[in-house]
Amino acid sequence: MSRYIYLGPAGTFSEAALAPLLKSGDSSEPAANVTAALESVRNGQSDYALVPIENSVEGVVARTLDELATGQPLMIIGEQVLQVSFALMVKAGGSKKEIKRLATHPHAEAQCREYIAKHLPHAEVVLTNSTAAGAESVSKGDADGAIAAEVAAKHYGLEVIEGNIGDREGAVTRFVVISKLGEIPALTGHDRTSLAIFIAADHSGALLEILTEFAVRGVNLTFIQSRPTGGELGQYHFIVDAEGHILEERVGDTLKALHRICAEVRFLGSYPRADKIAPTSTKGMTDRAFKSAEQWLSTIRSGKQD
Amino acid sequence: MSRYIYLGPAGTFSEAALAPLLKSGDSSEPAANVTAALESVRNGQSDYALVPIENSVEGVVARTLDELATGQPLMIIGEQVLQVSFALMVKAGGSKKEIKRLATHPHAEAQCREYIAKHLPHAEVVLTNSTAAGAESVSKGDADGAIAAEVAAKHYGLEVIEGNIGDREGAVTRFVVISKLGEIPALTGHDRTSLAIFIAADHSGALLEILTEFAVRGVNLTFIQSRPTGGELGQYHFIVDAEGHILEERVGDTLKALHRICAEVRFLGSYPRADKIAPTSTKGMTDRAFKSAEQWLSTIRSGKQD
Amino acid sequence: MSRYIYLGPAGTFSEAALAPLLKSGDSSEPAANVTAALESVRNGQSDYALVPIENSVEGVVARTLDELATGQPLMIIGEQVLQVSFALMVKAGGSKKEIKRLATHPHAEAQCREYIAKHLPHAEVVLTNSTAAGAESVSKGDADGAIAAEVAAKHYGLEVIEGNIGDREGAVTRFVVISKLGEIPALTGHDRTSLAIFIAADHSGALLEILTEFAVRGVNLTFIQSRPTGGELGQYHFIVDAEGHILEERVGDTLKALHRICAEVRFLGSYPRADKIAPTSTKGMTDRAFKSAEQWLSTIRSGKQD
Amino acid sequence: MSRYIYLGPAGTFSEAALAPLLKSGDSSEPAANVTAALESVRNGQSDYALVPIENSVEGVVARTLDELATGQPLMIIGEQVLQVSFALMVKAGGSKKEIKRLATHPHAEAQCREYIAKHLPHAEVVLTNSTAAGAESVSKGDADGAIAAEVAAKHYGLEVIEGNIGDREGAVTRFVVISKLGEIPALTGHDRTSLAIFIAADHSGALLEILTEFAVRGVNLTFIQSRPTGGELGQYHFIVDAEGHILEERVGDTLKALHRICAEVRFLGSYPRADKIAPTSTKGMTDRAFKSAEQWLSTIRSGKQD
């Protein structure tokens, strides 16, 4: 009986990404924005929040990254990847050529730009807070057409006149499920660990040092993004996704090393990968190798080797 | 007599950033979006475009990075850094408490979120395509207040009721000046070189290799950003700013190395830094050291050393 | 009441290096060669052996390195550094010009080569098993002059006709004190740790990996020497001296990493440096930093961070 | 009609290694020691010297390395690898049990130590300047047996009573052929490049930097040896053998980088490997890749890319 909150409004991709996670008895509600969704988890009104973190075309969702890295600490416990498909929708009986005001969210506009330029060259694009809000504004008569998730058409009684109009096939969005700090999801063998890594401001070469700590322990990165820290350009932190789980020795050992050499390391979660890809195990980097090394050192230090 | 185009509309920060560059006889006009501005340079209608590339609070401007990295090639020839200061403006005689609909651009909303939550908690935020469009919508009566650059108040006959309302002091935006490919700006000694680096998809550890090529030649990075390449998550390219000018040997030598080991390297420009910070010269990394090494090798290869 | 054995015969530099270590009640005796000295410790006839390991002019003493790296395991527990000074000696009443046969050890000959060429150009050099044996052969009439340690003149009743004749001033020999495996000498803050590191034969780049493990933990090397392993050229192991003591976290952690990635690592000892130089401590590499990182990781893994 | 000099005396392994190189009309003569052999090349009395540089059991020949690294510059133009096989020899009619004084060179003694301990436990070992000198001393009656190359038995009219008595099968010695500085041997595709690399004394981490320069250009090392520089312990230079030829771009480029970051780099020669092993070519490290990168950079710098 978990209470979920997602980036609303209803009828957007976040709701679609959440659907497969809901079990009987769970409740869900939309949030006005990413910050509101996470705040709801922080203050205990919701158990979990589902928010987008990265889109294959538009890039990262800066607010999600920043909330995780610099807001009151939370933890990623899962991820969902959703194929993003945009539909052009109008009021029942409407047509493409009647669209003078086209309502949609800036990200959807960005991903359908070529389609708009070719098929709706004279339409004025009206930006809305969500694709669902675009659909709603059509239903209210504030716009003549909307680009939104197909699910929004049902929500607002609209008619889809063309589906799958994104400029690039195969665009996907990755969503993360976020909870309060607490027990880390169990190791599955195909996990991802997310971190926010802060470096001392005046330390050139620091990024190379950080990547070396991962590399010497055979931990591959699947994602890296620098983000400006605070109000000045030139001071950065890094959001990093690494293969593996914090309970695995090579990952834990990497974290300890980063903790020593960085200004701050924030653990953002270890959780199963949606694509279920396991790390390629590297000789000498298994838990067994780490434990054997620990034992070997203990024996030598004790003066009891033979 | 150069023809400039900037990210419009008139009355936004881009226009303010462009102002100091204009010489007598130069013309300037706004563009609807970043793509339109760059397209105008590509097709020869404008000589130069000024567009934002990075904001200290909101992060990078994805469209600018993507156009430079994957659109028809252009070149950065300069940069401008502007202190970003937001003002709350209303119609003459209006007041803060009368603001029910607050119009502004999503980025401005993001940077004034705390102010809005505290001072305008009941206002509905209406997103517009630009901060200037927010001001315009107040002048037209579509909104009661706008958050925009102070310059927009004059443009649209509004009254500033509070200036400098951004949540973080010292937020700045970096703009770049873009031209067609051609002659590279002269070396000043305090230059920046921008690159887009594409790696082979299946090559883990590639980022470490790339950073090592910079490090062994004493070239510091001032910015790094991974961006998804094309329609799939998991394949990335990197936008990198490095200290120094392509005409300097250590930078040229780094570029050659990257060209050998990467799938593709796109040179995005060498241009003077706005902050005029010169790279800390490293022993053995001067042009003189490179030339001396070249000469030394030639002599040995010729079999004429003594 | 320790029983020492040293590289004999009596009257050589090894005996001089041992002298300051002897306490009342200790006994000492010479061994025929390095192997015999170490064998005496292995079979319990002696408690400690003192043998040379490195000379500033002639380089390493291969047999000492090989015995430590590939013989039955022993442990270095201390080091002595001795200024090496050679003297030319003859029978009482003899003179330089009468020297037709000059007896000395190959290493001494190497270090006095320029002197011999200039002052004794016509002398036949007779190689002996030690410099003391050279002196002895003069006393027996088998040679007319010897190059040996001054102490040997007394031993064999000879007369020094010129002291300090080495080609290079300041030549020194480093000796190590070796015991059976057992308790490691206490940490002093100015310690050295010696290792033999074996790499998998077909692994190019392995040395770079090894050095990186030291570097990422701020552990400097003071000595590195590759040695062929077994009977084939091309397969090497490395003898390495590192700053610090195995009981220090950064050293222990480096050893664990090497244990994971190398074919074999043999710990050869942690012991006080003769020069008492302490490692320059590096931020993030102190024992405290290691322990704090361990604690931090434990807290996160337990799910109890806040 | 070349004049060769080799490490004498006649009847040693050096002479055997030289034999296959001699063409009709060439002359050869023995030198008293490595220094004398190289001096003969330096002063023009000989065209080429053949001297040992490395033995698989005993390690490097320090004098050869030091002469090449710090003596008046010469150049390696070829190498020979010889299987080293020791024979026990006596006067005609002699037998093993009659050997009371066994004459041999220290290196041969080291490589037959186990044999001697087992089969000649009571023999006194008399060190000679060469294995041939050991054989000679048997012929003169100064010793009862010698360990030497089989070829020495013929030279001195002795009888081999047991062949191949080295403790390890497959021991080999690598010899180098040395000439004055001049034209470098032609590229064969299976070449080796030897270097002496001097680092600034106070620069910890320098060895890692040096190895990184090789690694980033895909140049593998086949040999590395630190040697003390001058009279003090703690200051080292490195003798390095790398795969490839100085005329290959990746090798030349590595040399230039070393020249920039090291106190001194001395080129010791590029020459065909005796084992004819070609480097595994690495993508991006071919001459073609280097030239293409050069061209690409030139085009960009000229401002004429399109």
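Read from first to last, the chains carry the letters A, B, C and D; within each, the first residue is number 1.
Just so we're on the same page, contacts are C-beta pairs under 8 Å (C-beta built on N, C-alpha and C of every residue); 3 or more make two chains touch, one makes a residue touch a chain.
This is a predicted model, so every value here is computed, not measured.
Least step count on the touch graph, chain A to chain D: 2. Between chain B and chain D the centroid-to-centroid distance comes to 57 Å (mean Cα coordinates, whole Å). Rounded to a whole number, the gap between the C-alpha centres of chain C and chain D is 24 angstrom. Chain centres here are Cα means. That of chain B falls 59 Å from that of chain C.
Residue positions of chain A with contacts to 2 or more other chains are 212. Two chains count as a pair here when they touch; such pairs are A-B, A-C, B-D, C-D.
Residues 73, 181-184, 209, 212-213, 216, 246-247, 252, 255-257, 259-261, 267, 284-285, 289-290, 292-294, 296-297, 300-301, 303, 305-306 of chain B are the ones touching chain D in the complex.
Contact residues on chain A toward chain B in their complex (touch as defined above): 35, 54-60, 62-63, 81, 106, 110, 113, 125, 127-129, 168-172, 174, 204-205, 207-208, 211-212, 215, 220-228, 230-234, 236.
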